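Structures given as structure tokens follow.
One chain, subunit A, appears in both complexes that follow, with subunit B as partner in the first and subunit C in the second.
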Partner chain A sequence: MNTSRYWSGLILALLITGAAVGLAILSNKAHAGPAEDQKGLEIAQEIDRRDLGFGDSKTEMEMILTNRTGESSTRKLRLETLEVPDSEEGDKSLTIFDHPRDIKGTAFLSFTKILEPDDQWLYLPALKRVKRISSANKSGPFVGSEFAYEDLTSFEVAKYSYTWLRDEPCGEMDCFVIERIPQYERSGYSKQIAWVDAAEYRIVKVDFYDRKDTLLKTLESSEWQQYLDQYWRPHRMHMVNHQTGKETTLTFQPYQFREGVNEANFNQSRLARLR
Partner chain B sequence: MKPISIKAVSRGCANGVVATVVLAVVAFSTNRALAQDPLEIFGAEAEFAGSTSAELRFFPESPQFTDQDDRKLELSVAIEPEFRLFWDRERLTFIPFFRYDPADHEGRTHGDIRELSLYVERDDWDVTAGIGKVFWGVAESRHLVDIINQADLVENSDEEDKLGQPMVNLNLLRDWGTLGVFVLPGFRERTFPGDEARLRGPLPVDTDRPIYESAAEEHHVDAALRYKQVIGDFDLGLSYFHGTSREPELVQSIGSDGRPVLRPRYEIIDQVGLDVQATMDAWLWKLEAIHRSGAGDPFAAAVGGFEYTLFGVSDSAADLGLLAEYHYDGRGDDAPATIFDNDIFLGTRLALNDTDATEFLAGVIVDQREGEVLALLEAERRITERWFAEVEARFFFNADRGTSAVQDDGHVLLRISRYF
Partner chain C sequence: MSAREDLKENLIGAERAKHAGDTAVVAFANWVIRFRWIILLLSFIGAMAAGFGGQFLDFSTNYRVFFSKDNPQLQAFETMQDTYIREDNISIVLHPDHGDVFTPELLAAVRDLTDKAWQIPYTTRVDSVTNFQNSYAAGEDDLVVEDLVPLDTPLDEADITRIRETALSEPLIVDRLVSPDADTVSVNVTVTLPLETELEVPAAMEHARALATEFRETYPGVTVAVTGSVALNHAFTEASVADMTNLIPLMYGILLLVMVVLLRSISGTISTLLVIAFSAVTAMGISGWLGVQLTPPSAIAPTIILTLAIADSIHILVSMVGGMRQGLGKREAIVESLRINFQPVFLTSLTTVIGFLSLNFSDAPPFRDLGNITAIGVTAAWVYSILFLPAAMAILPVRVKPREEETATAMDKLAGFVIGNRKALLFGMTGVVVVLGVLVPRIELNDQFVKYFDRSIEFRRDTDYAMENLSGIYQAQWSLPAGESGGVSDPYYLQTVSDFTDWLRERDAVVHVQSLSDIFKRLNKNMHGDDPAYYALPDEKNLAAQYLLLFEMSLPYGLDLNNQINVDKSSVRIVATLENITTDELRALDDEAKSWLEQRLAGGSKLDASGPFVMFAYIAQRNIEGMLLGTGLAFLLISASLVVALRSFRLGLISLVPNLVPPIMAFGLWSVLVGEIGLASSVVTATSLGIIVDATVHFLSKYRRARVMNGEDAEGAVRYAFSTVGTALWVTTAILVAGFAILSLSSFQINSALGQLTAITLVMALFADFLLLPAILILVDGRKRKDVPDAALAQAAE
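Take a look at the complex of A and B:
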């Protein structure tokens, strides 16, 4: 038996293990110290706290889908949101399509949950059929757009884990930059980097990284308006897919808060009879 | 396969083209007139929408019966405008429908009022009065529980097109669920293809001379109850129906011209229905079951299975659905015949989730005992924001008792719709 080769092998193994442990400690320190995690969580909690108590809201949205060659198509839909005061449950939302005409009257009802799968129903007007659908489709495109279903569900703190990365200027504002990692199943993202305006706690920009940790999409929200002296809403959201070159722009009509939303409409039985 | 008769094709096409042009002109001109800002009528917001479509059906084989027309290509057109008046929580809806099919003047060329109703809604109740349409159930390959509306069979042999049903429907929305009460004055007879048309029964159906069990005939007032509740992952429906069966028994008789015909006979039935769907992650588990008495010996029937979806299949945006359903039907020979006595449906659905909403559905229904097979393929996509295209193919193999009359009526259909 060749003892010197045995020893050199053992030393090499120890060196590699040591280096790996050292790297792990270093990278751990660089990314996720408990203080940074706490600060990230506190920012998220503040975003959530500032949006509490809005009650309900209603708006109309136009969605413009553009492909790499510049061809575009349009969707028009109405959105109604009902806040659920219980913090263990997410909000309820109702989406009704007006355009294109072949999907006119199609309605989508969603009860957001925190970590459990959402409850979702779809109404198909041609058959007059209300169908409970699987909400496992988190990462799929919403009506062929660059927005995935998971990008459009209501923001709930416990859906992600957070790390504060740094503070930096963003445009004319100062921003917190936080990393959030989806804690719910079937997300299409390994992580998201969000820029949060430090004055008003508005999420002005998000970078989405795919499951292979490559930059996939960037969302920029602008044309902010404040309602009821508290609630900020963007009236333009622009999503770019860096991997396909496709873009989707959402533009919103002014929101109506606490008027005109009928709680009874958030019922599967009513879905077939909405206008 | 015989050569296609050019004369028959051109005759059918010429008629169809004329009708299409007329319908298209009507649709486009009305659309232009009403395209402006919302119209106000009686303090209500008026809305005009709808669609026209042209449908081309191709039958590769010659028909089985000598009195059927041997055309390989049939072009028909349809129009379905939608008029609505919206008040705050009330609504008036009018949806007429008309199809012109030069290949079937007595059957497929027909009109119907799909909807003409007043809807009134409050927080915990709503009422629909007039002619309307409702859908019950969860299964994909057979709609066993769905009983309110009569099938408009000439539209599509899959029985998914329905005739408008006169009704007063009250729904109560409560914490314990939604309870629907239906009073249905007036019965709609099932439509059947004409004597010379494709996809008809072994003998012509004499729709002018239906037989009713009830002395009130088609004026019998039917009634139904519907209960719906969502309990966690389960969507549950219970229903009860008393009235004229939507499914007729076809009875051999002699027509006015002395030739053998089938007369539809509609019995008074009692039917209890159950439909359940369990939604668990990417799995949808489905069951529909009925018990019917009044038409022959009492019997039970069921359809159950699953729909499983692979979301974002092989790293694309597309979803691939896998469907399987088993059919059981315990009816005897004294009840209206069904092809779903002991069958298995296997299907797959591919949704590309692209901007044109491209979707495919392929499936087979296989009879366990006789080995009959119905194969179907459906594809659809948006062409522009107002135009939509659909292709459907339906073929019958190993035809036996259930499908022998239509075994040569396998066909491919192309439908182009224009929404306005």
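Take a look at the complex of A and C:
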């Protein structure tokens, strides 16, 4: 038997193993370094930057809720959004319910805050009164759906802290995968993992992790359309709750931009005059 | 020689010829002795190979395993869970020594615990008095919805007063999260188990118990109890493990004692120990290969197998030692023993296997497992007893001290007594059986699952404590259909829901009701500036729908209404928490509620209550229904085997009496002594049947031998049967009773009841065989002429 060959083989094997272990340790360490945080933040800032200046938008939305037995329920509503340029403030939104009939005409006005509870008013046509809601409901479900308010409100950089995890293909696109940790104290989430399309900086998929850090929901946004040669909007958002088996699908009509909505349209006194 | 005597000669010849099977057995025995080393080796390998499957055995950690897939109550509950939320719960109950939960320290502690409880694995919701979503009006047009005990706020006197008043007047809180006298609170954790692995429940439970321990250490003046359906699930595992670790060693100990006393032979004891150990290992191992999940009922299978497996070996060894004492050589004694015992050992194993296999008619899968595992074990015991045991005995040295044949004087006296008093015994026993039989229907069926566990199990102690101080684990829930999408806001519907809620609250059995109607009333009040006059249902559908929308939009993460309203808003779930009532009382409540809803709720016909407690409330009945067929079939098959084995239809028919009477007597006695029984009742008859027939078989076959071969009259044949097998039957019964009595030490009530009832049945069977059977035999056969057993002749001539 050729002993020198045997020894060189052994040394080679040891070297390869050592290198592999070293790499594994390095790649593990690479997780959550300051460089990755910076890259994550830059991706988030780019997402925000690309959506700047849309002004205001309007659309109609259909919401389909499904439970484990396949039972489903449909809601129809109109959405108006007014961009608030100040990066310390969230956007303003107005939601008008059209269906089911018993809540038709109910209108919901929300001034999104970044780290505090939002300012919210609801107009109840049956009571003919506007009620201001004071609650910690950002983490709660939006009209019984699998979407929380915090999943639907506008993207603001300051809502989260970020870490870039990796790049990977997602469907036909290439994606950045970033982790974002909610800064709102009473958020329902410990973290979110977002897949951001590297070409257009659209958030195509988000995994939501609950307070005990287990996978709670997955959101997939699709049927993207670009408006005004800049602003991308998904026309289908599908949320699955992995823990309860419930699902919610949102489908959107084409958006209208810059319809001339202004601050004056977004106040509580207007709620009662809506149709 | 008369023709009759001729016939008799022929008959005896035929009898001997039938024992031509003996020649085959002798050949078999010689073969076993010849290949003893190979058989020994193969036995070890076989047991090891099967036993290797034991690694796949795991303990089921879900009470749902007690219900078959097509159990209607389980299906109804599954539908309910899929419609609202799939939920199990852990309830952490806190009771401060000073008797007042409304102190700043304790409320802060509860708030902290509530927060930490979100970290329990699979938690989807946490409810306590501190995070209760309290709504109130602030100013004219502000609705505030917030935690009753706000986060990060120091509490002053005024806060405490406000919190106390709100909590104690809120129907959703009182009796559920706080006791009415304010001395106990609970944190209720809703858990949605994925039901994918058996590790989920232990993970959640360990976390919850760690939180409880931490709480106890931080607040020594507070008693902490952990209960809920997850704790129940966990208790099943704990009880299984406790049974396996406590009962099996005890069983080995008892059996070892029996062997030492009966066999007085080291090699015989070692071989028998190996036979029973191999049988248990083989059965458990094969079950592992088959993917059986252990539950408390099936976890006692090894204990039962040990008891049943020993009988075969004892019979074979006792005959062998007896043969050697009479001067036979060891190998001759082995052959002779097998010749005598081969058929009875086979027959008794067969009937036992039939009895246990009939458990497959049970609706509860754990009993099917118990039946199948035990059947495998008994079959294995038979195989090892006729192969391994003689092979081992052929190898091991056996020394027998020549001893005087024991005179069976006691048995002879008993025989004399029975014959002398046969009429009295016949009437006396019949009377006893009738009286006990009449008492049987008085047994109340009760399956309060908390009582399945004795107080050595933490779940039982904690749940008892929670029930005494706050409210229990027993719940019943109803899903009330509103008839159309969005119908839950219909004022008429809401009024019915509210009436039903009130009706439930008036029941003595009901502690607390969670109902959406309370939320509507509170909201209506809130929307009218908290004016108490408006604590009523909204009177218009759109208004109610809009209130609901408003409230739903105000709730934070995990505290939504999905657990009470379905997605289509066409039905509402009402949850009633109950007193510590029996399942009989629950069924009564279910029936009353059903007829109430049928009359009052449009489309409310046939609305059953649902939930785990409801499932257990019907489990015994459902199992008894299934087992009636199973037991009947087992009875038929076992009786048929007896007819074949005794080669007499008549004796087979007579054997029905001592086989039927013992279960009737046992249940009658149980009715007097205990009075109520659960799930165990459904399977006892079937399992004990296969065991008690053994004694009958032995007695009848000896009786028949005396009649046919020795030409004895009925009395003489009874005396012969007593003197030949009386002692053996007495000893075997003692061993079996000891074995099943050990089961009564189980921490799991179904198992202990099964053990106790079976033990009683076995004792009753001995009474029936010793006191009733001989009397019947003499009565039926006694009138015939002494010298010629006509019936036997007729049988043999066929």
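FYI, the second predicted complex is superposed on the first by the 239 of 275 C-alpha atoms of A that agree within 3 Å, B and C clash if a C-alpha of one lies under 4 Å from a C-alpha of the other, contacts with A are read in each partner's own complex, and residues count from 1 in each chain.
One rule holds for everything that comes next: contacts are C-beta pairs under 8 Å (C-beta built on N, C-alpha and C of every residue); 3 or more make two chains touch, one makes a residue touch a chain.
Being a predicted model, the structure only gives us computed values, none of them experimental.
Asker: I'd like to know which partner A:Ser139 touches here: subunit B for first, subunit C for second, both or neither.
Answerer: Both partners, subunit B and subunit C.
Asker: A:Gly55 in the overlay: touching subunit B, subunit C, both, or neither? Say first, second, both or neither.
Answerer: A:Gly55 contacts neither subunit B nor subunit C.
Asker: Have a look at where A:Arg68 lands relative to subunit B and subunit C in the superposition and call it first, second, both or neither.
Answerer: In the superposition, A:Arg68 touches subunit C alone.
Asker: Classify the contacts of A:Lys128 with the two partner chains as first (subunit B alone), second (subunit C alone), both, or neither.
Answerer: The first partner, subunit B, only.
Asker: On the A-aligned overlay, A:Ile103 touches which partner chain: subunit B = first, subunit C = second, or both, or neither?
Answerer: Both partners, subunit B and subunit C.
Asker: One more residue to check, A:Arg273. First (subunit B), second (subunit C), both or neither?
Answerer: A:Arg273 contacts subunit B only, not subunit C.
Asker: If you stack the two complexes on chain A, which partner ends up touching A:Ala264: first (subunit B), second (subunit C), both, or neither?
Answerer: first
Asker: Across the two complexes, what residues of subunit A are contacted by subunit B and by subunit C?
Answerer: Subunit A residues touching both partners: 65, 67, 73, 100-103, 127, 129-134, 136-141, 143-144, 186, 188.
Asker: Of all residues in subunit B, which touch subunit A in the complex?
Answerer: My answer: residues 49, 51, 84, 86, 91, 119, 121, 123-124, 126, 128, 133-135, 138, 160, 171, 173, 178, 228, 230, 235, 277, 279, 281-284, 309, 311-312, 317, 319, 353-357, 382, 385-386, 388, 417, 419-420.
Asker: Could you list, by residue number, the parts of subunit A that touch subunit C in their complex?
Answerer: On the subunit A side, the touching residues are 65-69, 71-73, 97, 100-103, 106, 108, 120, 122, 124-127, 129-144, 148, 186-188, 210-212, 214, 243-246.
Asker: If we count contacts the way the header does, which residues on subunit C are in touch with subunit A in the complex?
Answerer: 79, 81-83, 85-86, 118-124, 138, 141-147, 151, 192, 194, 485-486, 489, 527, 540-547, 549-550, 552-562, 565-569
Asker: Quick check on the complex: what are the subunit A residues that touch subunit B?
Answerer: Result: residues 65, 67, 73-74, 99-104, 117, 119, 127-134, 136-141, 143-145, 186, 188, 262-264, 267-270, 272-273, 275 of subunit A touch subunit B.
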